[in-house]
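I have a structure here, written as C-alpha coordinates, and I will follow up with some questions on it.
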Amino acid sequence: MATFSHQIKVRGFHCDMFQHVNNARYLEFLEETRWEWLNRMTSFEFFEKHQMSFVVVSITIHYRWPSLLNDVLNITVETNHIGNRSASVKQVITRDGDSKLIAEAEVTFAMIDNRTGKSVPISDELKAFFEN
Amino acid sequence: MATFSHQIKVRGFHCDMFQHVNNARYLEFLEETRWEWLNRMTSFEFFEKHQMSFVVVSITIHYRWPSLLNDVLNITVETNHIGNRSASVKQVITRDGDSKLIAEAEVTFAMIDNRTGKSVPISDELKAFFEN
Amino acid sequence: MATFSHQIKVRGFHCDMFQHVNNARYLEFLEETRWEWLNRMTSFEFFEKHQMSFVVVSITIHYRWPSLLNDVLNITVETNHIGNRSASVKQVITRDGDSKLIAEAEVTFAMIDNRTGKSVPISDELKAFFEN
Amino acid sequence: MATFSHQIKVRGFHCDMFQHVNNARYLEFLEETRWEWLNRMTSFEFFEKHQMSFVVVSITIHYRWPSLLNDVLNITVETNHIGNRSASVKQVITRDGDSKLIAEAEVTFAMIDNRTGKSVPISDELKAFFEN
(Lines give C-alpha, C1' and ligand atoms only; values in the text may rest on other atoms or scores of the structure.)
Protein backbone atom coordinates (compact mmCIF):
# COMPACT_ATOMS: atom_id res chain seq x y z
CA MET A 1 0.00 0.00 0.00
CA ALA A 2 2.32 2.69 -1.29
CA THR A 3 1.70 6.37 -0.63
CA PHE A 4 1.00 8.54 -3.66
CA SER A 5 1.89 12.25 -3.49
CA HIS A 6 0.64 15.19 -5.55
CA GLN A 7 1.68 18.84 -5.40
CA ILE A 8 -0.61 21.91 -5.49
CA LYS A 9 0.41 25.55 -5.16
CA VAL A 10 -1.89 27.86 -3.22
CA ARG A 11 -3.43 30.60 -5.40
CA GLY A 12 -5.16 33.84 -4.42
CA PHE A 13 -8.59 32.45 -5.28
CA HIS A 14 -8.02 29.45 -3.00
CA CYS A 15 -7.80 31.82 -0.03
CA ASP A 16 -10.80 33.43 1.61
CA MET A 17 -11.23 36.67 3.48
CA PHE A 18 -9.02 35.38 6.30
CA GLN A 19 -6.20 35.04 3.74
CA HIS A 20 -6.02 31.30 4.42
CA VAL A 21 -7.03 28.49 2.12
CA ASN A 22 -10.77 28.08 2.65
CA ASN A 23 -12.05 24.89 4.33
CA ALA A 24 -13.97 23.81 1.27
CA ARG A 25 -11.00 24.24 -1.09
CA TYR A 26 -9.02 21.61 0.81
CA LEU A 27 -11.64 19.08 -0.28
CA GLU A 28 -10.92 20.02 -3.88
CA PHE A 29 -7.19 19.54 -3.21
CA LEU A 30 -7.91 16.10 -1.73
CA GLU A 31 -10.17 15.18 -4.64
CA GLU A 32 -7.62 16.32 -7.23
CA THR A 33 -5.03 14.16 -5.54
CA ARG A 34 -7.31 11.12 -5.51
CA TRP A 35 -8.08 11.54 -9.22
CA GLU A 36 -4.40 11.86 -10.05
CA TRP A 37 -3.75 8.70 -8.01
CA LEU A 38 -6.55 6.76 -9.73
CA ASN A 39 -5.39 7.96 -13.15
CA ARG A 40 -1.92 6.56 -12.50
CA MET A 41 -3.51 3.19 -11.84
CA THR A 42 -5.47 3.46 -15.13
CA SER A 43 -8.50 2.67 -13.05
CA PHE A 44 -10.92 4.39 -15.38
CA GLU A 45 -10.94 1.49 -17.78
CA PHE A 46 -11.24 -0.87 -14.86
CA PHE A 47 -14.28 0.87 -13.42
CA GLU A 48 -15.90 1.36 -16.80
CA LYS A 49 -15.46 -2.29 -17.68
CA HIS A 50 -17.21 -3.25 -14.47
CA GLN A 51 -19.81 -0.46 -14.80
CA MET A 52 -19.06 0.67 -11.28
CA SER A 53 -18.13 3.93 -9.68
CA PHE A 54 -17.00 5.06 -6.28
CA VAL A 55 -19.03 7.58 -4.34
CA VAL A 56 -17.71 9.41 -1.31
CA VAL A 57 -19.83 8.52 1.72
CA SER A 58 -17.95 10.43 4.40
CA ILE A 59 -14.99 12.71 4.99
CA THR A 60 -13.29 13.59 8.26
CA ILE A 61 -10.76 16.38 7.97
CA HIS A 62 -8.59 17.96 10.68
CA TYR A 63 -7.23 21.40 9.87
CA ARG A 64 -3.86 21.61 11.65
CA TRP A 65 -2.30 24.81 10.37
CA PRO A 66 -3.39 27.49 7.87
CA SER A 67 -1.83 27.57 4.43
CA LEU A 68 -1.22 30.83 2.62
CA LEU A 69 -0.72 32.27 -0.85
CA ASN A 70 2.16 30.65 -2.73
CA ASP A 71 2.55 27.80 -0.25
CA VAL A 72 3.36 24.61 -2.13
CA LEU A 73 1.44 21.70 -0.64
CA ASN A 74 2.30 18.02 -0.84
CA ILE A 75 -0.88 15.96 -0.65
CA THR A 76 -0.71 12.24 -0.15
CA VAL A 77 -3.23 9.45 -0.47
CA GLU A 78 -2.94 5.85 0.63
CA THR A 79 -5.38 3.00 1.11
CA ASN A 80 -6.48 2.88 4.71
CA HIS A 81 -9.14 0.19 5.05
CA ILE A 82 -10.93 -2.11 2.60
CA GLY A 83 -14.21 -3.55 3.81
CA ASN A 84 -16.89 -5.54 2.08
CA ARG A 85 -19.02 -2.61 0.96
CA SER A 86 -16.77 0.39 1.56
CA ALA A 87 -13.15 1.43 1.54
CA SER A 88 -11.27 4.37 2.96
CA VAL A 89 -8.14 6.32 2.16
CA LYS A 90 -5.97 8.46 4.39
CA GLN A 91 -4.80 11.80 3.01
CA VAL A 92 -2.21 14.13 4.52
CA ILE A 93 -1.40 17.68 3.44
CA THR A 94 2.00 19.09 4.34
CA ARG A 95 3.78 22.26 3.33
CA ASP A 96 6.70 21.73 1.00
CA GLY A 97 10.09 22.74 2.37
CA ASP A 98 9.50 22.43 6.09
CA SER A 99 6.93 19.57 6.02
CA LYS A 100 4.63 21.54 8.34
CA LEU A 101 1.43 19.51 8.81
CA ILE A 102 -1.50 21.43 7.30
CA ALA A 103 -4.37 18.94 7.33
CA GLU A 104 -5.21 15.25 7.69
CA ALA A 105 -8.27 13.53 6.31
CA GLU A 106 -9.94 10.16 6.03
CA VAL A 107 -12.23 9.69 3.04
CA THR A 108 -14.64 6.73 2.86
CA PHE A 109 -16.18 5.42 -0.36
CA ALA A 110 -18.81 2.94 -1.36
CA MET A 111 -18.89 1.06 -4.63
CA ILE A 112 -21.96 1.72 -6.76
CA ASP A 113 -23.28 -0.31 -9.68
CA ASN A 114 -23.94 2.29 -12.39
CA ARG A 115 -26.87 0.32 -13.79
CA THR A 116 -28.82 0.15 -10.52
CA GLY A 117 -27.40 3.08 -8.53
CA LYS A 118 -27.09 0.70 -5.59
CA SER A 119 -24.14 -0.18 -3.42
CA VAL A 120 -22.43 -3.45 -4.30
CA PRO A 121 -19.86 -5.58 -2.47
CA ILE A 122 -16.22 -4.85 -3.21
CA SER A 123 -14.96 -7.83 -5.20
CA ASP A 124 -11.71 -9.63 -4.48
CA GLU A 125 -10.36 -8.32 -7.76
CA LEU A 126 -11.07 -4.78 -6.65
CA LYS A 127 -9.62 -5.38 -3.21
CA ALA A 128 -6.41 -6.56 -4.86
CA PHE A 129 -6.51 -3.44 -6.99
CA PHE A 130 -6.57 -1.18 -3.93
CA GLU A 131 -4.09 -3.20 -1.96
CA ASN A 132 -1.66 -2.89 -4.82
CA MET B 1 -38.21 42.73 -22.42
CA ALA B 2 -38.64 43.01 -18.68
CA THR B 3 -35.69 43.01 -16.31
CA PHE B 4 -35.47 40.09 -13.89
CA SER B 5 -33.68 40.62 -10.57
CA HIS B 6 -32.16 38.11 -8.14
CA GLN B 7 -30.49 38.71 -4.78
CA ILE B 8 -27.27 37.11 -3.47
CA LYS B 9 -25.53 37.84 -0.18
CA VAL B 10 -21.72 37.88 -0.17
CA ARG B 11 -20.21 35.10 2.00
CA GLY B 12 -16.69 34.69 3.36
CA PHE B 13 -15.87 31.98 0.82
CA HIS B 14 -16.88 34.26 -2.06
CA CYS B 15 -14.08 36.66 -1.09
CA ASP B 16 -10.43 36.07 -1.88
CA MET B 17 -7.25 37.16 -0.15
CA PHE B 18 -7.97 40.80 -1.02
CA GLN B 19 -11.21 40.50 0.99
CA HIS B 20 -13.25 41.31 -2.12
CA VAL B 21 -15.49 38.98 -4.07
CA ASN B 22 -13.16 37.14 -6.47
CA ASN B 23 -13.48 37.82 -10.21
CA ALA B 24 -14.50 34.28 -10.99
CA ARG B 25 -17.24 34.21 -8.34
CA TYR B 26 -19.10 37.01 -10.09
CA LEU B 27 -19.57 34.66 -13.04
CA GLU B 28 -21.26 32.20 -10.68
CA PHE B 29 -23.51 35.03 -9.44
CA LEU B 30 -24.41 35.89 -13.04
CA GLU B 31 -25.05 32.25 -13.91
CA GLU B 32 -27.23 31.70 -10.82
CA THR B 33 -29.30 34.72 -11.83
CA ARG B 34 -29.72 33.47 -15.39
CA TRP B 35 -30.85 30.05 -14.15
CA GLU B 36 -33.34 31.62 -11.76
CA TRP B 37 -34.62 33.74 -14.65
CA LEU B 38 -34.96 30.76 -16.99
CA ASN B 39 -36.65 28.70 -14.28
CA ARG B 40 -39.31 31.39 -13.88
CA MET B 41 -40.05 31.05 -17.57
CA THR B 42 -40.29 27.23 -17.22
CA SER B 43 -37.84 27.05 -20.07
CA PHE B 44 -36.47 23.67 -19.13
CA GLU B 45 -39.43 21.86 -20.62
CA PHE B 46 -39.23 24.10 -23.65
CA PHE B 47 -35.58 23.33 -24.29
CA GLU B 48 -35.97 19.65 -23.54
CA LYS B 49 -38.91 19.32 -25.90
CA HIS B 50 -36.81 20.85 -28.66
CA GLN B 51 -33.68 18.93 -27.64
CA MET B 52 -31.71 22.14 -27.58
CA SER B 53 -29.49 23.84 -25.09
CA PHE B 54 -27.81 27.21 -24.80
CA VAL B 55 -24.06 27.41 -24.48
CA VAL B 56 -22.22 30.55 -23.40
CA VAL B 57 -19.97 31.72 -26.22
CA SER B 58 -18.61 34.90 -24.67
CA ILE B 59 -18.74 37.06 -21.58
CA THR B 60 -17.60 40.65 -21.15
CA ILE B 61 -17.61 41.85 -17.57
CA HIS B 62 -16.62 45.24 -16.15
CA TYR B 63 -15.78 45.29 -12.45
CA ARG B 64 -16.83 48.74 -11.20
CA TRP B 65 -16.48 48.55 -7.44
CA PRO B 66 -15.44 45.80 -5.02
CA SER B 67 -18.09 44.02 -2.99
CA LEU B 68 -17.39 42.82 0.53
CA LEU B 69 -18.55 40.30 3.11
CA ASN B 70 -22.24 40.63 3.93
CA ASP B 71 -23.00 42.94 1.00
CA VAL B 72 -26.38 42.09 -0.47
CA LEU B 73 -26.22 42.21 -4.26
CA ASN B 74 -29.08 42.72 -6.69
CA ILE B 75 -28.29 41.03 -9.97
CA THR B 76 -30.40 41.68 -13.03
CA VAL B 77 -30.72 40.02 -16.40
CA GLU B 78 -32.52 41.20 -19.48
CA THR B 79 -32.52 40.22 -23.12
CA ASN B 80 -30.10 42.39 -25.02
CA HIS B 81 -29.94 41.18 -28.61
CA ILE B 82 -31.45 38.25 -30.48
CA GLY B 83 -29.72 37.27 -33.69
CA ASN B 84 -30.13 34.34 -36.04
CA ARG B 85 -27.61 32.06 -34.38
CA SER B 86 -26.85 33.77 -31.09
CA ALA B 87 -28.48 35.90 -28.43
CA SER B 88 -27.13 38.06 -25.64
CA VAL B 89 -28.27 39.24 -22.25
CA LYS B 90 -27.19 42.24 -20.23
CA GLN B 91 -26.56 41.72 -16.51
CA VAL B 92 -25.98 44.40 -13.88
CA ILE B 93 -24.85 43.88 -10.28
CA THR B 94 -25.64 46.62 -7.75
CA ARG B 95 -25.31 46.76 -3.99
CA ASP B 96 -28.61 46.70 -2.14
CA GLY B 97 -29.40 49.80 -0.11
CA ASP B 98 -27.34 52.42 -1.94
CA SER B 99 -27.53 50.93 -5.49
CA LYS B 100 -23.76 51.26 -5.87
CA LEU B 101 -22.78 49.78 -9.25
CA ILE B 102 -20.57 46.73 -8.68
CA ALA B 103 -20.31 45.11 -12.11
CA GLU B 104 -21.87 45.03 -15.58
CA ALA B 105 -21.74 42.16 -18.02
CA GLU B 106 -22.89 41.05 -21.43
CA VAL B 107 -23.27 37.31 -21.94
CA THR B 108 -23.67 35.84 -25.43
CA PHE B 109 -25.14 32.40 -26.14
CA ALA B 110 -25.53 30.10 -29.08
CA MET B 111 -28.26 27.52 -29.48
CA ILE B 112 -27.01 23.95 -29.77
CA ASP B 113 -28.88 20.88 -31.04
CA ASN B 114 -28.22 18.24 -28.37
CA ARG B 115 -28.33 15.42 -30.93
CA THR B 116 -25.60 16.85 -33.18
CA GLY B 117 -23.72 19.18 -30.83
CA LYS B 118 -23.89 21.80 -33.57
CA SER B 119 -25.15 25.37 -33.53
CA VAL B 120 -28.65 25.83 -34.97
CA PRO B 121 -30.62 28.94 -35.99
CA ILE B 122 -32.78 30.52 -33.30
CA SER B 123 -36.35 29.81 -34.36
CA ASP B 124 -39.11 32.43 -34.41
CA GLU B 125 -40.76 30.57 -31.55
CA LEU B 126 -37.62 30.90 -29.48
CA LYS B 127 -37.17 34.54 -30.43
CA ALA B 128 -40.68 35.21 -29.18
CA PHE B 129 -39.79 33.35 -26.03
CA PHE B 130 -36.85 35.65 -25.32
CA GLU B 131 -38.63 38.81 -26.35
CA ASN B 132 -41.34 38.00 -23.87
CA MET C 1 -30.06 25.55 21.94
CA ALA C 2 -32.48 26.30 19.15
CA THR C 3 -31.90 25.00 15.62
CA PHE C 4 -31.31 27.63 12.95
CA SER C 5 -32.26 26.79 9.35
CA HIS C 6 -31.13 28.33 6.06
CA GLN C 7 -32.22 27.52 2.52
CA ILE C 8 -30.00 27.12 -0.57
CA LYS C 9 -31.08 26.15 -4.07
CA VAL C 10 -28.77 23.88 -6.06
CA ARG C 11 -27.33 25.56 -9.19
CA GLY C 12 -25.65 24.08 -12.24
CA PHE C 13 -22.21 25.24 -11.10
CA HIS C 14 -22.66 23.49 -7.72
CA CYS C 15 -22.85 20.15 -9.53
CA ASP C 16 -19.85 18.31 -10.91
CA MET C 17 -19.45 15.91 -13.80
CA PHE C 18 -21.57 13.32 -11.99
CA GLN C 19 -24.45 15.84 -12.03
CA HIS C 20 -24.54 15.82 -8.22
CA VAL C 21 -23.52 18.59 -5.87
CA ASN C 22 -19.76 18.21 -5.46
CA ASN C 23 -18.39 17.15 -2.05
CA ALA C 24 -16.52 20.38 -1.55
CA ARG C 25 -19.54 22.56 -2.33
CA TYR C 26 -21.43 21.13 0.63
CA LEU C 27 -18.79 22.68 2.88
CA GLU C 28 -19.62 26.07 1.34
CA PHE C 29 -23.31 25.41 2.03
CA LEU C 30 -22.49 24.58 5.65
CA GLU C 31 -20.28 27.65 6.01
CA GLU C 32 -22.91 29.95 4.49
CA THR C 33 -25.43 28.60 6.97
CA ARG C 34 -23.09 29.16 9.93
CA TRP C 35 -22.41 32.74 8.83
CA GLU C 36 -26.11 33.43 8.45
CA TRP C 37 -26.64 31.98 11.93
CA LEU C 38 -23.86 34.07 13.47
CA ASN C 39 -25.13 37.19 11.73
CA ARG C 40 -28.54 36.73 13.32
CA MET C 41 -26.85 36.72 16.69
CA THR C 42 -24.94 39.94 15.81
CA SER C 43 -21.86 38.07 16.87
CA PHE C 44 -19.50 40.05 14.70
CA GLU C 45 -19.42 42.95 17.11
CA PHE C 46 -19.02 40.51 19.98
CA PHE C 47 -15.98 38.83 18.43
CA GLU C 48 -14.45 42.08 17.31
CA LYS C 49 -14.82 43.61 20.75
CA HIS C 50 -12.99 40.64 22.22
CA GLN C 51 -10.48 40.50 19.36
CA MET C 52 -11.20 36.83 18.91
CA SER C 53 -12.15 34.69 16.00
CA PHE C 54 -13.26 31.12 15.50
CA VAL C 55 -11.25 28.79 13.33
CA VAL C 56 -12.55 25.48 12.08
CA VAL C 57 -10.36 22.69 13.46
CA SER C 58 -12.22 19.70 12.08
CA ILE C 59 -15.21 18.67 9.99
CA THR C 60 -16.84 15.26 9.72
CA ILE C 61 -19.43 15.01 6.99
CA HIS C 62 -21.56 12.04 5.95
CA TYR C 63 -23.01 12.21 2.45
CA ARG C 64 -26.35 10.35 2.63
CA TRP C 65 -28.00 11.03 -0.72
CA PRO C 66 -27.02 13.03 -3.81
CA SER C 67 -28.67 16.38 -4.44
CA LEU C 68 -29.37 17.58 -7.96
CA LEU C 69 -29.96 20.73 -9.98
CA ASN C 70 -32.84 22.82 -8.64
CA ASP C 71 -33.13 20.88 -5.38
CA VAL C 72 -33.94 23.26 -2.55
CA LEU C 73 -31.91 22.35 0.53
CA ASN C 74 -32.71 23.17 4.15
CA ILE C 75 -29.49 23.41 6.12
CA THR C 76 -29.58 23.56 9.89
CA VAL C 77 -27.02 24.40 12.52
CA GLU C 78 -27.21 23.95 16.26
CA THR C 79 -24.71 24.02 19.09
CA ASN C 80 -23.51 20.51 19.81
CA HIS C 81 -20.82 20.68 22.47
CA ILE C 82 -19.04 23.51 24.26
CA GLY C 83 -15.72 22.62 25.81
CA ASN C 84 -13.00 24.71 27.42
CA ARG C 85 -10.98 25.36 24.29
CA SER C 86 -13.26 24.18 21.51
CA ALA C 87 -16.91 23.99 20.57
CA SER C 88 -18.82 22.05 17.95
CA VAL C 89 -22.00 22.45 15.95
CA LYS C 90 -24.15 19.84 14.27
CA GLN C 91 -25.42 20.61 10.77
CA VAL C 92 -28.01 18.65 8.80
CA ILE C 93 -28.91 19.08 5.12
CA THR C 94 -32.32 17.87 3.97
CA ARG C 95 -34.19 18.28 0.70
CA ASP C 96 -37.15 20.64 0.90
CA GLY C 97 -40.51 19.05 0.21
CA ASP C 98 -39.85 15.44 1.16
CA SER C 99 -37.22 16.04 3.91
CA LYS C 100 -34.90 13.49 2.32
CA LEU C 101 -31.66 13.43 4.32
CA ILE C 102 -28.80 14.63 2.10
CA ALA C 103 -25.88 15.09 4.50
CA GLU C 104 -24.97 15.41 8.18
CA ALA C 105 -21.91 17.11 9.57
CA GLU C 106 -20.18 18.01 12.80
CA VAL C 107 -17.94 21.07 12.70
CA THR C 108 -15.49 21.79 15.53
CA PHE C 109 -14.00 25.22 16.22
CA ALA C 110 -11.33 26.67 18.44
CA MET C 111 -11.28 30.24 19.70
CA ILE C 112 -8.24 32.24 18.60
CA ASP C 113 -6.91 35.49 20.04
CA ASN C 114 -6.35 37.69 16.99
CA ARG C 115 -3.39 39.45 18.62
CA THR C 116 -1.40 36.28 19.32
CA GLY C 117 -2.85 33.80 16.82
CA LYS C 118 -3.08 31.32 19.69
CA SER C 119 -5.98 29.29 21.00
CA VAL C 120 -7.63 30.73 24.12
CA PRO C 121 -10.14 29.26 26.59
CA ILE C 122 -13.82 29.81 25.80
CA SER C 123 -15.03 32.28 28.41
CA ASP C 124 -18.24 31.84 30.40
CA GLU C 125 -19.66 34.83 28.54
CA LEU C 126 -19.00 33.11 25.23
CA LYS C 127 -20.39 29.82 26.49
CA ALA C 128 -23.60 31.60 27.42
CA PHE C 129 -23.59 33.14 23.96
CA PHE C 130 -23.52 29.73 22.27
CA GLU C 131 -25.91 28.12 24.69
CA ASN C 132 -28.42 30.85 23.89
CA MET D 1 6.90 40.82 -24.74
CA ALA D 2 7.36 37.07 -24.45
CA THR D 3 4.46 34.71 -23.99
CA PHE D 4 4.33 32.83 -20.69
CA SER D 5 2.61 29.44 -20.60
CA HIS D 6 1.19 27.45 -17.68
CA GLN D 7 -0.41 24.01 -17.65
CA ILE D 8 -3.57 22.94 -15.78
CA LYS D 9 -5.26 19.55 -15.89
CA VAL D 10 -9.07 19.47 -15.85
CA ARG D 11 -10.49 17.81 -12.71
CA GLY D 12 -13.95 16.47 -11.99
CA PHE D 13 -14.79 19.43 -9.75
CA HIS D 14 -13.88 21.88 -12.52
CA CYS D 15 -16.71 20.46 -14.63
CA ASP D 16 -20.35 21.27 -14.11
CA MET D 17 -23.52 19.33 -14.82
CA PHE D 18 -22.88 19.59 -18.56
CA GLN D 19 -19.60 17.70 -17.99
CA HIS D 20 -17.64 20.67 -19.37
CA VAL D 21 -15.40 23.04 -17.46
CA ASN D 22 -17.74 25.66 -16.01
CA ASN D 23 -17.50 29.24 -17.34
CA ALA D 24 -16.44 30.63 -14.01
CA ARG D 25 -13.65 28.08 -13.54
CA TYR D 26 -11.87 29.35 -16.64
CA LEU D 27 -11.41 32.67 -14.85
CA GLU D 28 -9.63 30.81 -12.06
CA PHE D 29 -7.41 29.12 -14.67
CA LEU D 30 -6.60 32.53 -16.17
CA GLU D 31 -5.91 34.03 -12.74
CA GLU D 32 -3.67 31.13 -11.72
CA THR D 33 -1.67 31.62 -14.91
CA ARG D 34 -1.30 35.36 -14.31
CA TRP D 35 -0.08 34.75 -10.74
CA GLU D 36 2.42 32.17 -11.93
CA TRP D 37 3.61 34.66 -14.54
CA LEU D 38 3.95 37.50 -12.02
CA ASN D 39 5.74 35.20 -9.57
CA ARG D 40 8.36 34.40 -12.19
CA MET D 41 9.03 38.11 -12.52
CA THR D 42 9.37 38.41 -8.70
CA SER D 43 6.85 41.20 -8.97
CA PHE D 44 5.53 40.80 -5.46
CA GLU D 45 8.47 42.65 -3.99
CA PHE D 46 8.19 45.27 -6.69
CA PHE D 47 4.53 45.96 -5.98
CA GLU D 48 5.00 45.86 -2.23
CA LYS D 49 7.90 48.29 -2.38
CA HIS D 50 5.73 50.71 -4.32
CA GLN D 51 2.65 49.99 -2.18
CA MET D 52 0.62 49.34 -5.29
CA SER D 53 -1.56 46.55 -6.49
CA PHE D 54 -3.29 45.64 -9.71
CA VAL D 55 -7.04 45.26 -9.80
CA VAL D 56 -8.91 43.63 -12.66
CA VAL D 57 -11.25 46.16 -14.24
CA SER D 58 -12.63 44.07 -17.07
CA ILE D 59 -12.47 40.66 -18.68
CA THR D 60 -13.67 39.58 -22.11
CA ILE D 61 -13.61 35.85 -22.67
CA HIS D 62 -14.63 33.86 -25.75
CA TYR D 63 -15.39 30.21 -25.13
CA ARG D 64 -14.39 28.41 -28.36
CA TRP D 65 -14.64 24.72 -27.48
CA PRO D 66 -15.60 22.79 -24.35
CA SER D 67 -12.86 21.14 -22.30
CA LEU D 68 -13.48 17.85 -20.50
CA LEU D 69 -12.22 15.78 -17.60
CA ASN D 70 -8.49 14.99 -17.85
CA ASP D 71 -7.86 17.46 -20.67
CA VAL D 72 -4.50 19.13 -20.15
CA LEU D 73 -4.75 22.83 -20.92
CA ASN D 74 -1.93 25.18 -21.91
CA ILE D 75 -2.77 28.70 -20.79
CA THR D 76 -0.73 31.61 -22.00
CA VAL D 77 -0.47 35.23 -20.94
CA GLU D 78 1.27 38.10 -22.69
CA THR D 79 1.19 41.86 -22.35
CA ASN D 80 -1.30 43.30 -24.78
CA HIS D 81 -1.51 47.04 -24.17
CA ILE D 82 0.02 49.42 -21.64
CA GLY D 83 -1.77 52.71 -21.19
CA ASN D 84 -1.33 55.52 -18.71
CA ARG D 85 -3.76 54.25 -16.13
CA SER D 86 -4.50 50.70 -17.26
CA ALA D 87 -2.86 47.75 -18.92
CA SER D 88 -4.19 44.62 -20.53
CA VAL D 89 -3.01 41.08 -21.13
CA LYS D 90 -4.12 38.56 -23.71
CA GLN D 91 -4.65 34.99 -22.55
CA VAL D 92 -5.21 31.92 -24.73
CA ILE D 93 -6.26 28.45 -23.58
CA THR D 94 -5.48 25.51 -25.84
CA ARG D 95 -5.72 21.78 -25.33
CA ASP D 96 -2.39 20.01 -25.04
CA GLY D 97 -1.63 17.50 -27.77
CA ASP D 98 -3.77 18.82 -30.60
CA SER D 99 -3.62 22.56 -29.75
CA LYS D 100 -7.41 22.82 -30.06
CA LEU D 101 -8.42 26.38 -29.16
CA ILE D 102 -10.55 26.31 -26.00
CA ALA D 103 -10.86 29.97 -25.00
CA GLU D 104 -9.38 33.41 -25.55
CA ALA D 105 -9.51 36.30 -23.14
CA GLU D 106 -8.40 39.88 -22.66
CA VAL D 107 -7.96 41.03 -19.08
CA THR D 108 -7.61 44.73 -18.24
CA PHE D 109 -6.09 46.04 -15.00
CA ALA D 110 -5.72 49.34 -13.25
CA MET D 111 -2.95 50.22 -10.85
CA ILE D 112 -4.13 51.09 -7.34
CA ASP D 113 -2.25 52.91 -4.59
CA ASN D 114 -2.78 50.73 -1.52
CA ARG D 115 -2.71 53.74 0.82
CA THR D 116 -5.50 55.65 -0.93
CA GLY D 117 -7.38 52.91 -2.77
CA LYS D 118 -7.31 55.15 -5.84
CA SER D 119 -6.09 54.53 -9.35
CA VAL D 120 -2.64 55.90 -10.12
CA PRO D 121 -0.74 56.42 -13.39
CA ILE D 122 1.45 53.54 -14.53
CA SER D 123 5.01 54.73 -14.07
CA ASP D 124 7.72 54.37 -16.71
CA GLU D 125 9.45 51.90 -14.42
CA LEU D 126 6.33 49.77 -14.32
CA LYS D 127 5.82 50.06 -18.07
CA ALA D 128 9.34 48.77 -18.58
CA PHE D 129 8.52 45.97 -16.18
CA PHE D 130 5.57 44.84 -18.27
CA GLU D 131 7.29 45.33 -21.58
CA ASN D 132 10.07 43.10 -20.39
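So that you can tell them apart, the chains are marked A, B, C and D in the order they are listed, and the count of residues begins at 1 in each.
Quick note on the criterion: a contact is a pair of C-beta atoms (placed from the backbone, for glycine too) under 8 Å apart; a residue touches a chain by one contact, two chains touch by 3 or more.
Remember, predicted model here, so these are calculated numbers, not experimental data.
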Classification of the subunit C:subunit D interface as same or different, half of numbers criterion: same
Inter-centroid spacing, subunit D versus subunit A (mean Cα positions, whole Å): 29
Whole-Å gap between the CA centroids of subunit C and subunit D: 34
CA centroid of subunit B to CA centroid of subunit D, Å: 23
Contacts with two or more other chains, residues of subunit B listed in rising order: 12-13, 18, 22-24, 28, 31
Chain-level touch network, classified as line, ring, star, complete or other: complete
Complex interface listing, subunit B residues touching subunit D: 18, 22-25, 27-28, 31, 53, 55-63, 66
Touching residues (chain side subunit C, partner subunit D) in the complex: 12-13, 15-19, 22, 24, 69
Residues of subunit C defined as touching subunit B within the complex: 9, 11-13, 28, 31-32, 35-36, 39, 70
